[in-house]
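Below: one structure, written as structure tokens.
Chain nomenclature is as follows: A, B, C and D, assigned in order of appearance, with residue numbering initiated at 1 for each chain independently.
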């Protein structure tokens, strides 16, 4: 069984990799297996974790769960053409709740905290006297301040990017590009690591060529 | 646990002769945590005078609690120099007494007990008052501009590159007789990015219905499937072509991220769409989708608020909506004045953020560098207003 | 009415969920907990719709002997295999040693991990084909990427070991990450925050309604 | 020869290769390791072929995607056979996390949240292993949980690996007293939110089904205020962002994070704002942590491949751009 499992894993791994050459039968087979297995995986997981784990087990202690069950049931009304429009209610509910929740979460975490964190000193009369920051910190603070400020200018919609405003927006896009460059670099790092992990499986676990 | 409920004078019992004695903490105060549901008590004290940076005798502190006059229970061990603790494990309807022991290598030196505290719950969290005001301010700005626009005042909004291209991209698909592929990201309906994607779908599909192009929309969440069908149906109806709509335009594949990607990749390779929209919450799959789309020669318009994925969209797609632009897109595309008004409101928020940053930085710099008192007060006030916890 | 009720639900629920942030008192204190449960339950019901849709399409393909119907049959078989093994496995369906766990480990993991690893190839081909220093902005992107990529691996250390401590490639990478990168990131975050606030408001106010079939 | 025949020949060759090496493995032969001269030769060959690609590209022939793919595969695979050592430099955010753990007094409770699944394991598993090892070495108590269904399984794998170590095994640590795995709970960020009120409301029992109140280690742990430090291993949503927004911002948890490299850049914002106490980014973060904790394992081993992979990515960008500028100059000459 252990041999079979390893070979099965390797067969599917190579099947997916074969897409790099071109779309082919081996890939299509692996793709179909993947779609079927993963849909089944989530079906079972949601059934046990959400329907049974959340609702069935908890309904005694928390009567409010019945509201969720009612919403879920309304969702299933889609299967009946006549009352299908009722499924808009749970959708409307979810959309409303999501909007309300995220409005506050993002206002607090993304806007307020980040604005507050950008309030930094950008000059010091005597380094080390009273205020112990070195030149590097001051330069760093200045760069953070300029970058955040001009970045916001770039996202400003009400004004054409012209003149001083346009200049600031251009500096802003420079910072955004540096951010993307750094993200890109880190993503390369991440993806290569994953490939290393996969090759470690093929050459190590499966074929025993590396330790 | 059950440490004996000792008074401070008995501490000598713990310390044998020649042992390290540590002065207990002083001014211990226990207060009900403000503006909560009655779930926390705040403790504060002045650390032991033997708690020193060098050659310290104090190893740290241990917090004890007595519930309703019962046994003392140890709650937490804190490192040296700790001077505050929040007990987040209290319940309403009980009274709590606390004391704090200073720890030394040879024993514990408890402080006096606090007066009993009864946690209470409040109706409104006033510590979030400023947040509330800012929320009101931004909301009011949005509503104000929406109203202004409704009354017919023209509002200027600058051009956003990717959005100008949408009509052409759909037209191209029609000319080539190939389908349009719309991917609304892989998040569920509880993500605002998905909502933004669906609102854009609303506008895009109107064009598609007008041009009579074909649209494919594989999705990875069942709820998104339901919502997307509603969106498409409404668009086809308002374009006056309800007969052209079919539920098969949207189909569920699988919740699994890469299972979904494998299927969409296959679909792209076989159907060769002329235009691909990648709008919504994308994760690692962004590059696989964008590169495969690129390799089949599709025009690609992408947008997401995930900074990690944006460089790849920028590299592999023809147009990319960066972050906030994704959320602005649906308003912009609608061309409806009221929607544009909401963008103006958004800009007011941005202006507020920029002013606060500017004033804050100036105030902080002046107070730090030249010790200007007024500025220090201003800075402290700004920081307080914008603190969330 | 069919159109108005969903809009009213969205608006009322949205406002309640904004308010709950400021009221620590029951029932508002429980709102977000309840919502998470409700959402889980609705999502579990919705996947029935999704699965039915997937099965319907696949069955039709097999029935009509459409191109690629064999793969559709594979989807049907594997879906039922995994779903039945999972449901029949009872509450402990994914414990180590169960059939579900076996399928997970030897079918699901290799497939998803490989799909993930394919990214490495696409990253390289995108690097070769698409990342061009077309203008100053693009050049900045590439330069930042270069310093981060080289500074984060030992090669960078070897290449710059002649430089004084604090000025080596790895220090430079750290500086790029913590200063200009973070500044850009912060501007993007604040922008996104405002975008979400405004989109949410539009939805609560009923200006955006297409996702619930609102139209105009 | 038609393409079809070529494909079949290639397939047969791969099959033969695989069968031969599988038999070799079953026969009990160990790993292959290149001698230094061969390693050097391979490096030279890779460099030479890069030059060749450069020449081709300058001549105006963009090489095919598939060649790029093949190249990446080779450049990542071959270094795994080499045994060259490299010096690693430790970045401050890694040191910060290490210090945060080392400064905890003995017996402190550390919450570890495993928010990833096997596909991200190559990056996060080495981190998880070395952090668990360090914590146990320093006699800290571990409370493990997961917001991703597969997280707790990954935690168990990591624990198993760490217990293989003699000095850790010698401590004779007890499940339920020194460490506990509370398992997975569905509900994403809401799980964190509710843990702020009570852990027990989210985890009625642990991974093995023992009831929460019967586990000595957590019996008195009511919520985040009873935890001294926490580390979150995150591969996406829900992950570090949610932990910061909810557990740190609202409940004041002291949090360090291990992230996939993709996510890491975003975390620097939180790191700067003091919302995160230390950060490991990607496999190199893992290798740096192994270095500072003085225990070299998988992270360090894979670093050579990682270096190669980065070099190849950079080389492709450079080659692409050189060609771009060459052709650009040509078109300008034509008066474009």
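Heads up, the rule we're going with is that a contact is a pair of C-beta atoms (placed from the backbone, for glycine too) under 8 Å apart; a residue touches a chain by one contact, two chains touch by 3 or more.
The structure presented is a predicted model; accordingly, all values stated were derived computationally and were not measured.
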{"item": "Most centrally placed chain - per-chain CA mean versus overall CA mean", "value": "A"}
{"item": "Reference subunit C; chain at largest CA-centroid distance", "value": "D"}
{"item": "Distance from the mean Cα position of subunit C to that of subunit B, given in whole angstrom", "value": "15"}
{"item": "Distance from the mean Cα position of subunit D to that of subunit C, given in whole angstrom", "value": "19"}
{"item": "Averaged-CA centre spacing for the pair subunit B and subunit A, given as whole angstrom", "value": "12"}
{"item": "Numbers and ranges of subunit A residues touching at least 2 other chains", "value": "10, 16, 19-20, 28, 30-31, 34-35, 37-39, 41-42, 45, 49-50, 54, 75, 78, 88, 91, 94-95, 97-99, 102-104, 106-109, 111, 113-115, 117-118, 144-145, 148-149, 152, 155, 176, 179-184, 186-189, 191-192, 194-195, 197-198"}
{"item": "Interface hub residues of subunit D, defined as touching at least two other chains", "value": "65, 69, 72-73, 76, 119-121, 149, 186-187, 249, 262, 265-266, 269, 272, 281-282, 284, 306, 309-310, 313"}
{"item": "Residues of subunit C touching at least two other chains", "value": "18, 21, 32, 35, 37, 39-40, 42-43, 46-51, 54, 94, 108-109, 111-113, 115-116, 118-123, 125, 127, 130-131, 141-142, 145-146, 149, 152-153, 177-178, 181-182, 185-186, 188-192, 194, 196-197, 199-201, 203, 211-213"}
{"item": "Subunit C residues touching subunit B - in the complex, by the definition given at the top", "value": "18, 21-26, 29, 39, 42-43, 46-51, 53-54, 57, 108, 111-112, 115-116, 118-119, 122-123, 125-126, 130-131, 141, 145, 185, 188, 190-192, 194-203, 205, 207-208, 210-216"}
{"item": "Subunit B - residues contacting subunit D, complex", "value": "1, 39, 59-60, 73, 75-77, 79, 85-89, 187, 258, 283-284, 295, 307-308, 388-389"}
{"item": "For the subunit D and subunit C complex, residues of the former touching the latter", "value": "62-63, 65, 68-69, 71-73, 76, 86-89, 91-93, 117-121, 149, 153, 186-188, 190, 193-194, 265-266, 268-269, 271-272, 281-282, 284, 287, 303-304, 306-307, 309-314, 316-317, 319-321, 324-325"}
{"item": "Residue numbers on subunit B that touch subunit A, as the complex places them", "value": "131, 134-135, 138, 155-158, 160, 189-192, 195, 223, 226-227, 230, 253-256, 258-259, 262-263, 265-266, 269-270, 284, 287, 307-308, 310-312, 314, 322-325, 328, 343-344, 346-347, 349-351, 353-354, 356-358, 360-361, 363-365, 368-371, 379, 382-383, 386-388"}
{"item": "For the subunit B and subunit C complex, residues of the former touching the latter", "value": "35-37, 121-125, 128, 131-132, 135, 138-139, 142-143, 146, 188, 190, 192, 195-196, 198-199, 201-203, 221-223, 225-227, 230-231, 233-235, 237-238, 248, 251-259, 261-262, 284, 287-288, 291, 294, 305, 307, 311-312, 314-316, 322-328, 330-331, 338-339, 342-343, 345-346, 349-350, 353"}
